[in-house]
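What follows is a group of structures, each given as structure tokens.
Heads up, the next two complexes both have chain A, just with different partners, chain B and then chain C.
Our next item is the complex of A and B:
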């Protein structure tokens, strides 16, 4: 009676053994498959991130590098160029991102309506700017808005203005040109995100709402907007990160490009990334201070992303967070 | 109600037409600009001219556009091929061989997704100088070969792959690499294609890193040349427009030929 049982036991044990051996072998393969990518990332991503932080604690003077703790971070507080670049970046961020996302949302809502004709054509036309390189569109807009550019000639021809406007010589209009150009490049791109989000919303919900007597505008605010919240959050975060890193556009929009003394009239186009570039590669190289400004961007991205997650959280997530807090408080009491 | 022409409808169409016109107009402008002289472009001439061959001649003889294009194609081509190979293998490793180590490494990798390039720039530059790779195309290729975003992109679509197929192949005695290259990768063509488009766009359009690494004219890529041309004291608009069209054309062709994969690749998701 016992023999078959022993045999069965032996069999299962050997299958388990084989499984363990295989698993170990497979684990080894897992490491082999990710090895090249991990080595490259370690060298060109993990190490630079950490080393950059170390650099931000050092200062180079006359070829001698000293460890200065947080002196660079203190220096930032009184550096007028840093504050100019921070202000410029935030002005661009606070105007460009909301206007662009609002336009993208409206266009997506219109193009999601199946009764609109030529939807495919409009969608393609509006997405087309996203294929241009950042340099190409920046330079097209620079030519368009230059003193002798197409816009001035056209406005003069239709007698709207008698003299050309110096768009790129005035700090405010120069910034406006940059914002307009960025809206042109990215609106269609974000619109496609919203369209793909809207396709996941069932038609039935809208029908039920319209039977209940909801107008189109009301169903947009009560149905589309709440269900699209994750997508809106995602595009907001991506655009914020992109704008905080803005480099190609201001660099090429300014008169004289890379070699210019100021970026835009009275540095009105100086962004954080351009400032880091100037600190590291244009002025007398000061890598330590450049890395400090770079880490300010890292911190800003972290803070803004966190805020956006909080604001953009769904009601369920907010509820869950509240419960967690309560639990923690009760635990502490107990 | 539906289909009837009402007054709000007209406004909606008007809005769409104006928006589409504004989107397309710069493309039209640069195409006509390519065939005109700088003087004509400044005057606001919007029809096709006769300067096309002259612009091309200046671009190719005075600015060595052929070499610049070759540089861009070389850097982008090698980056895309290497990037697809390395990142797809990494994503496959993360998905198919789950262990504590791979999961931790994946979490660490994803953590760096939001790190801005500016924070890496200075150490990267120093590494490149250390390795004596300054002013070489290899510096651009090697740093672009492993992209956190593309690993993420591959992983997102690899997780839906039926694991049973891989198990069955193992039972049949196929080695792990053969399974990946002969069975798995061929069935994931559209994912690879979308990722290729993303990698291509990133590399072809990159500006900041080449600006830092490349220092002589014989190494520069199209973005650097266009930027250089436009910063001249008296910009040759016709020549600049020609260069812009030449550099944008490959992307436009890919866009119209493979619209669906293009949008997927650009958005970094397979849901579009």
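Our next item is the complex of A and C:
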């Protein structure tokens, strides 16, 4: 839900930029051209966003829709399945995103080293998972980790385990499989961002550092990391948003049961987005309550993004914010 | 020059966008027979020129090898007898059918709806009660005495009957007669047994042959539903009140799940493919499921003649019978359908009266119908070589009549999810069965408020 918002921000920004340039000459035409995009945006973006908020204030039961104000938001507080899905989503988020970004950073650093042979090949190989379909790779991982799957067979052959592990039947290992699969799928994707960021860091800085006697590790921490900060911030936010909206993978990992009552064993793969789907389409449909959960995701993403912006702010930005606060305080005093 | 180009391209783009919106053809679904599609396109253009044209019946369903194939068969029978009718049978994934139906009905638009739609039995009450007035009341249009009573019960709301009962999910205990004979069990020893007896047999079979008795997915609610349905109890009573923590059959079913797991007589599987694979490759000596599983059983052609079928095991619960149901679906006609009366006539003529049609679909698709006169037909009494010459379908017809009637109610999926999530905690030993049932009931209550 937020990805389009970011895109929209970008769009308005470019429209504004464009507008300033053309202001004098083409003001009239400009408005006309904007109108087309704006009408489309209003119709397919603003209206659904506002309408889904209205929906979140209603509740449907057996064909009757009532306006219930904030009763849905109250209901969420005592809904055990909502808390299960929230907990699952955050466990996945807190493990998967840091591990993946850390791996991506290491891989990018290694592949950025010009002395490594076949760099192009390794880059492509690591990025390839990012082009596979979400459904396909999920099914593949499900097969790999099945009771008689490749992994169990291999582990038994090399005598690491005496009996196959029931990966997908245990809440903890099922979640682990999901996280491993997601790391496989998304690490290369983030690595490419870091690589492009690293290519913008001048060789001179590293050279100067090495003359000053900095080791490779030291220059990684003192040069690469600080200069990559905006990129790291960007990937963190994008991954957080992506994980909070996680849907395809848990849905497909758990699907295909003879009747598939729970999403993963003990609902261990039930994420917020899957819960929204269930509320709207699997259970007795209550689109209003589903919209409420969707809005909770929006609020969560907003809060998390804000925190990440604060944490990831450059020293200048922090300084500026401090000054702003001081000014305000002084104004109040005066 | 550049600016002009820019302006032109923007205009072109926006026109393209509008055109794309206006021309929206939301059906991404595939039409099952290419010829039909061509026909209907031709017909569409003809429709505009003359009004005395063929009437079209649109059907939504899933599963090309089963529901779609059967509907095609039914359509060709009806088309042969009636000149002015044609069919558009749209194949979609089951989840897509449900999703489309939900969104269209909720939006109160009737335009995009088909004339006939397939709905799973566990879902039928949900649709009928969530969208009152959307489905055609067929109480006086069909002779419901001809259909299995338990199926008719599922489509009844306030003593009005809404659908056309279709395939039955009558359950059976399908086993490898060769493996069980090796362990010393003949057909008589497996007839009308209890689940406890099955576990004993399973231990014996494991000890003597090393084979697991069944493949088993502990997070799957299939067996749970079989056990419950055989007892005539469900997660709800006839009035729709939750019956979870006070449900004797449910408690015994959960305990049976644990016993089965503790006895170490199964192959644990996750998901459909593994589950089927385990009995196809001979690792599991039997499968307990709805009759529709016979298609997958027979997929292992090398095992022909080595299978047999017995009634499904029962619980110790006194009301429990050796007959149950798992799955199955039925056809429903939309009340707002353009050709509602025609659709009703079609259903009445083929699904509600053509015994030969039911023999064809049994032979071709393995569809066990809930249309009772059909069970006396030739295909049902035929001996099945795969099952060692046993007339399995005639047996299933017998079992079908004994399935206890229950009303699944609106919330089967909510209940299933609550119970299976808590069952896991009971199986792992972190909760007693009473606590698990209590927690499940609490979760269910909060879900259906």
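Criterion: the second predicted complex is superposed on the first by the 291 of 334 C-alpha atoms of A that agree within 3 Å, B and C clash if a C-alpha of one lies under 4 Å from a C-alpha of the other, contacts with A are read in each partner's own complex, and residues count from 1 in each chain.
One rule holds for everything that comes next: a residue touches a chain if its C-beta (ideal position, glycine included) is under 8 Å from a C-beta of that chain, and two chains touch if they have at least 3 such contacts.
These figures come from a predicted structure and were not determined experimentally.
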Query = After lining up the shared chain so the two structures overlap, which partner does A:153 touch, if you call chain B first and chain C second: first, second, both or neither?
reply = first
Message = With both complexes overlaid on chain A, does A:166 touch chain B (first), chain C (second), both or neither?
response = second
Request  = Applying the touch criterion given at the start, work out whether A:287 contacts chain B, chain C, both or neither, answering first, second, both or neither.
outcome  = both
Ask   = Which partner does A:266 reach: the first (chain B), the second (chain C), both, or neither?
value = second
Query = Should A:324 be classified as contacting the first partner (chain B), the second (chain C), both, or neither?
reply = neither
Task = Would you check which partner chain A:47 touches, where first means chain B only, second means chain C only, and both and neither mean what they say?
result = first
Message = Touch test for A:79: chain B only (first), chain C only (second), both, or neither?
response = second
Message = By residue count, which of the two partners contacts chain A more extensively, chain B or chain C?
response = B
Ask   = Now for A:87: first (chain B), second (chain C), both, or neither, which partner does it touch?
value = neither
Request  = Would you sort A:115 into first (chain B), second (chain C), both or neither based on which partner it touches?
outcome  = first
Ask   = Hey, what residues of chain A end up touching chain B and chain C alike?
value = 29, 33, 36-37, 40, 142, 148, 256-260, 280-281, 287
Inquiry  = Could you list, by residue number, the parts of chain A that touch chain C in their complex?
reply    = 29, 33, 36-37, 40, 60, 62-63, 75, 78-81, 84, 142, 146-148, 166-169, 171, 255-262, 264-267, 278, 280-285, 287
Message = List the residues on chain B that touch chain A in their complex, please.
response = 2-3, 12-13, 15-16, 19-20, 22-24, 26-27, 29-30, 41-44, 86-87, 89-90, 92-94, 96-99, 101-102, 105, 108-109, 112, 114-127, 142-143, 145-146, 148, 151, 176, 180, 204-205, 207-208, 211-212, 223, 226-228, 230-231, 235, 237, 240, 244, 247-248, 251-252, 255, 259, 263, 266-267, 269, 271-272
Query = Can you list the residues on chain A that touch chain B in the complex?
reply = 26-27, 29-34, 36-38, 40-41, 43-49, 51-52, 55, 107, 110-111, 115-116, 121-122, 124-137, 139-144, 148-150, 153-154, 157, 184, 188-189, 192-193, 196, 200, 241, 244-245, 247-248, 251-252, 256-260, 272-273, 276-277, 280-281, 287, 290-291, 293-295, 297-298, 301-302, 305
Query = Considering the complex alone, what residue numbers of chain C touch chain A?
reply = 7, 10, 14, 17, 95, 98-99, 102, 106, 126, 129-132, 217-222, 225, 267-275, 277, 289, 327, 410-411, 413-414, 416-417, 419-421, 424-425, 442-443, 446-449
